[in-house]
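Consider the two complexes below, in which subunit A is the common component and subunit B and subunit C are the respective partners.
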Partner chain A sequence: MSYLGLVLANLRRNRLRSLLTGGAIALAVLLVCILLTMPAGLDALLSRLSNNTRISVVNKAGLVYSMPYAFARKIRALPGVEDAVGQVWFGGAFEDDGKVTFPNFAVEVDHIETVYPDYGISPQGLADFRRYRDGMIVGRETMKKYGWKLGDRVTLRSTVWPANLDLRIVAEIPNDRSPIAWINREYLDQALKAKGRSLGILGIVWVKVTDPKEVNSVMLRIQELTRNSEAETSTQTEKSFFSAFFGSLEGFVTILMVVTVLVSLCIVFIAGNTASMAVRERAGEIAVLKAIGFRRGSIFSMLIAETVMLSFTAGAAGVGLARLLTELLRNAAAGSPQLGPLGGFIVNQAVVVQGLLLSLAIGVVAGVVPAFGAARKPVAQTLREVF
Partner chain B sequence: MLPISYSMGNVVARPGRSFVMIVVVALVVVACSLFLGLLSSLHRTVAMTGDPMNLVVLRKGSDNDGSSQITRLAYDSVRYLEGIATGPGGQRRVSPELVVQPFFWTKEGGRENVLVRGVEPAALDVHGDVKIVEGRMFRPRLNEILIGKALRGRYRGAEIGQRIEFGRNQWRVVGVFESDGSSFESEVWVDAQDLANDARRINPFSGVRLRAASEGDLQGLKARIDADPRFALEASRETDYYAKQAETAGSLEFLVVAIAILAGTGAGFGAANTMYASVQARTAEIGTLRALGFPRSAILLSFELESLLLSAGGFALGALLALGLAEVLRRVLGGVSFGARTFTTNLVTLSIAPRDLALSFALSLAIGLFGGLGPAWRAARLRPIEALRKA
Partner chain C sequence: MSEAYATGAASPLIRLDHVSRWYTRGVDEVHALEDCSLEIPAGRFVAFMGPSGSGKSTLLNLVSGIDRPSAGEVWVAGQLLNELSEDELAAWRARHVGLIFQFFNLVPVLSARDNVALPLLLTDLPRAERQQRAEIALRVVGLEHRVGHSPRTLSGGEQQRVAIARALVSDPDLIVADEPTGDLDARNAEATLGLLRQLKEEFGKTVVMVTHDPRALRFVDQVFHLDKGILLEGEAERRAHEALVLAGGAAPASAGGAAPAASAAGRGA
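Take a look at the complex of A and B:
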């Protein structure tokens, strides 16, 4: 009988026990895999939202502190900058209750196209946005929410400026990630001038960098440009800018990792218990094997192989199940915005490898002590105990 | 019926095997308690902020004071209304407040939005749970600030006597306040006019907080403020306001439930293994008991009881470990930061509440109950003659 056959036969000997142990390992590995997807999932979510050549420039004091209007022009003149668009929070409310239900900004219309080439806004729409002062570009999510169509006229009442603007929808941002709306800065400025005020400020400047490798040097150049001016600036990549809106998650991720370690430990105990039960029951058999000439090394490897095979098979099932589950979740999330964030958690190859390595490690760690004990025990003593 | 001492004796008889099951249940309990504790701490910090007798008055449509602005005239329309409580010196308990969210720089160099609340000394009359525990109240026009306890040590200069850079100025920390762990402790309080100057706000206030003299007055005040057509203000009970801010994404709760079910089922399998081994080792004993006349139900019950005892032991160990680990995490991490609705940082102190432990206890009992069911059933169905023959 080959070693493999013996190992398999031993695993089959107490089927219920092997099944229960395997089940426990599979479930725990499944859980660990899902937990492992979380940090990467959050990261993927942010990467999907953002572009690696766009950076934000805000007043170093905070988002609610403004910058002089001239900054956008000065930033555009810097080397490495393809274009930049200055924006001001308009805070327009559409509904009667005065709630701002989607983010809306007054922007420099001529620079939208070059700063947001990845948004896929139609050329006709962009041309109209430049042509009509009262034009507005709206994200698809918001269009859907209110059932708006291109050409519709809507009124936004600002919650920060003394201005109610009649606007016409000239283009859509054809992706679901953005509920945002943009209006023409000049139009707002005129409305304010009619009331004796004027705009003159910027809230945030979005900068498109020519070359992704230049991002850091451009960020430094912008900070240098504004140093010792009336508003020093703070720059961030688009990804870190958005991640701030999710709140910092470092504490959450730490606890996630602690739980992952705990669950892994838990499986080691379950699998180790099973291995030691098997060894105890088969003490006589093992002694006989040794008596007929099997070496310690072979006995040890055979027992380890048993535990490893069980935990690896079960772990692989767990990994597969995790992959299937996240896949299902992603499909479910595609249709429901409530589950939306869960769709980003994918058991990718890295997680698959980690899960398999974990199951392998569990098998080895759990099997080593009982197997070593069994292999080392003197034959005569064991035989005496058993018979 | 078999006495309980029989089950207890079995637990002790095979310490190695019992130990494994106890540890497995304990680890699951630690994992679940930590997650539950994190969620409940987050919820407690935000939702437990505020006083049920206080009203938050904001611009109609603003769902938080960071996005509200009101004029001085609007403030005047509110401050002299009837039904506002008065302090011992006869002063009205009305606090006009300005909220700004400037960047603060963490010691590691990261930037975070922190809620800075510009107030007048009257604020302490309205927010009864806010107490200065170290240092003193700020003096106006001197750029002095009070910091909430949770900010200490997290940001550059967040210590008494030091200076913090935020907005357009440097500010001297002259005091630290507490508020029973509520989200005020993640805020900075400063003179309202100092803050309005720094942020160049034309309207010096975001909103008004006021304390009603009685529940009836609170309803009356709310009705009058909501109905006043001149200023478009909206009043809500302070506790309701914070409860709304605390509505976190359902995703987190979903995650905890999924972890509990998966880890619990896995541990249940492990428990079943231990108990099956226990039944197997005692086959002869069970046969003897049956031969002596103990009914099947007694055997079933006794094994269930053994399993429950083991899982309860696992819970006890797990609870101790979880409480210890939470303490360690508190020391190491300090506050766990979460973004709030206002895009400001809320520092949450991780602590495991009795309710979290109760839920973990229920989980561990379920592990014992279901893990023990199969083995106990098998033990109860053993035929006495065959069982005795095996001996």
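Take a look at the complex of A and C:
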């Protein structure tokens, strides 16, 4: 028998208690690991959604406020700008849904190809989008959702404008996670003019910058351009834009992280209580060990080793389970557009290390007080109390 | 205290010089032992006897280096224990003292062999040798057929023999036993006392025991009687000893009996 053997034997002393404590620790570490994947997962999601040379321009007052249509042309003329596309929220509802179930915008068709070269839209589709005023480009997620295919005709009833537009699907955005749809701005404008209205505004302008190094200077130029105008603008990179859009989700993640920290603390207290009970129950044995010559350091080390070993083993199991779960989720997400974004939440090496460190910390913090107390107490006093 | 005594051959293994021990319990100060002086030569089997609260266990704790005196000096095997720190005392105990307790206090999750080998964890011996020595110690106490058994499967007498083997395994100068027969039936109590006597006879160990058991008189060389923290002397000691003999004990084996032994420092059988 060795010191390690003694520690392991003591862990086996009350198997049910060790199992339950280990289970609680494993579950807590699993939860923490999954939550730790969220910031990186969201970041990956945003990175996938965004392009580092694309910036958004919106009314400084907020996304629901408009900007003059002329802004798009003026922005296109700025140095460092490759192209820009003005968009306005159409808010079209399909058939009798009555509600907008996917984001759809009226866009300047001639500028889509240059601003979104990374979207992988087919050249034929883009050509048809320019050719047919009633053309519509639809993201694959929405295509799948409604069972649409290229060439289908659909009618969208705007919830914002007095216009019901008959549209033909001319192209698809080949991304399983893209729900958006674009229609021709001129087509909407004509429909409104027929009813005595005009579409002279923009909701957002997406700007493609020639060089990633130029992004900041272009953003400053745009803000300078619109300063003191009727609609001052706010600019941000596409990643920041989506990040702000998902801001509430990040807040939710923050709350979850706080809850997770509290859960971890609870586990520390539970494990600490278990360790204290174990030490109390073995007070006689510990006294005997000290009496036969085990030093305080040895007693402390053995007791802390027990909690650390239990916590670390359970934590490692929790980390492994978390990794397995996220792998399963990723595999499931690969074939499911609904689960798609969840595929980005991966227990990577950093999360594994953090999970294992947390397990270690739980063991040390939970064990240190009872171990120190048992080791510090003079052997004669312990013997008097116990026997 | 002469240097020769402190380091010395031909000197007693244990010497207590005007030792007192008091401690606080709540707001009270308990005087567990008062001005106690005694000497125990090497190779003796000695008992501390007296009623509950008489200071026997305190005296045993001082002799075994588990506790330190509030006043006076405790010399064991040439070492002044007062001057050792807690950790130094632990190391000293590991080398020089084997301990036996009333309730055996074996680790229930370890086999008999592993329990016996526990003190050897504190040595540099390789694992195989530790196991071998543990098995030899178990053979000495007649439990060679129970080496792999858990303490839960052993009788009380067998558990106490495992505890004796544990005390013996590191080949200490001194074996101390606190009420070793207190939790045993008559047959096992006699066997345990016989075994302790055997350690003295065959291995030359000095055995110091605290007991209430009058049967111990038939096995020990010398008895020290205590009452209310005081080592009895003269008439008080004689009366205590007679009461013990009447209760069922017999005079100790050595010449001079118990009564002369339980006198002032240096006096014994």
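Just so it is clear, the second predicted complex is superposed on the first by the 282 of 387 C-alpha atoms of A that agree within 3 Å, B and C clash if a C-alpha of one lies under 4 Å from a C-alpha of the other, contacts with A are read in each partner's own complex, and residues count from 1 in each chain.
Simple rule for what comes next: contacts are C-beta pairs under 8 Å (C-beta built on N, C-alpha and C of every residue); 3 or more make two chains touch, one makes a residue touch a chain.
These figures come from a predicted structure and were not determined experimentally.
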Please indicate which partner A:328 is in contact with in the superposed arrangement: first for subunit B, second for subunit C, both, or neither.
-> neither
Of the partners subunit B and subunit C, which touch A:293 in the superposed model: first, second, both, neither?
-> second
First (subunit B), second (subunit C), both or neither touched by A:383 | second
Applying the touch criterion given at the start, work out whether A:266 contacts subunit B, subunit C, both or neither, answering first, second, both or neither.
-> first
Examine A:9 and indicate which partner it touches, taking first as subunit B and second as subunit C; both and neither are also allowed.
-> second
Would you sort A:160 into first (subunit B), second (subunit C), both or neither based on which partner it touches?
-> first
Go through the superposed model and pick first if A:220 touches only subunit B, second if only subunit C, both, or neither.
-> neither
Look at A:353 in the shared chain and tell me whether it touches subunit B only, subunit C only, both, or neither; answer first, second, both or neither.
-> neither
By residue count, is subunit A touched more by subunit B or by subunit C?
-> B
In their shared complex, at which residues does subunit A touch subunit C?
-> 1-3, 5-6, 9-10, 12-13, 284-285, 287-298, 378-380, 383, 387
In the complex with subunit A, residue positions of subunit B that touch it | 16-17, 20-21, 23-24, 27-28, 30-31, 34-35, 38, 59-63, 67, 69, 100-103, 110-113, 166-168, 199, 232, 249-251, 254, 258-259, 262-263, 265-267, 269-270, 272-274, 276-277, 325, 329, 333, 335-340, 343, 345-346, 348, 350
In their shared complex, subunit A is touched by residues of subunit C numbered 61, 64, 66-67, 86-87, 90-91, 93-95, 97-99, 101-103, 105, 107-110, 114, 117-119, 121-122, 127, 130-131, 166, 178
In the complex formed with subunit B, which residues of subunit A make contact?
-> 16-17, 20-21, 23-25, 27-28, 30-31, 34-35, 60-65, 91, 93, 97-100, 159-160, 234, 236, 244-248, 250-252, 254-255, 258-259, 262-263, 265-267, 269-270, 272-274, 276-277, 338-339, 341-342
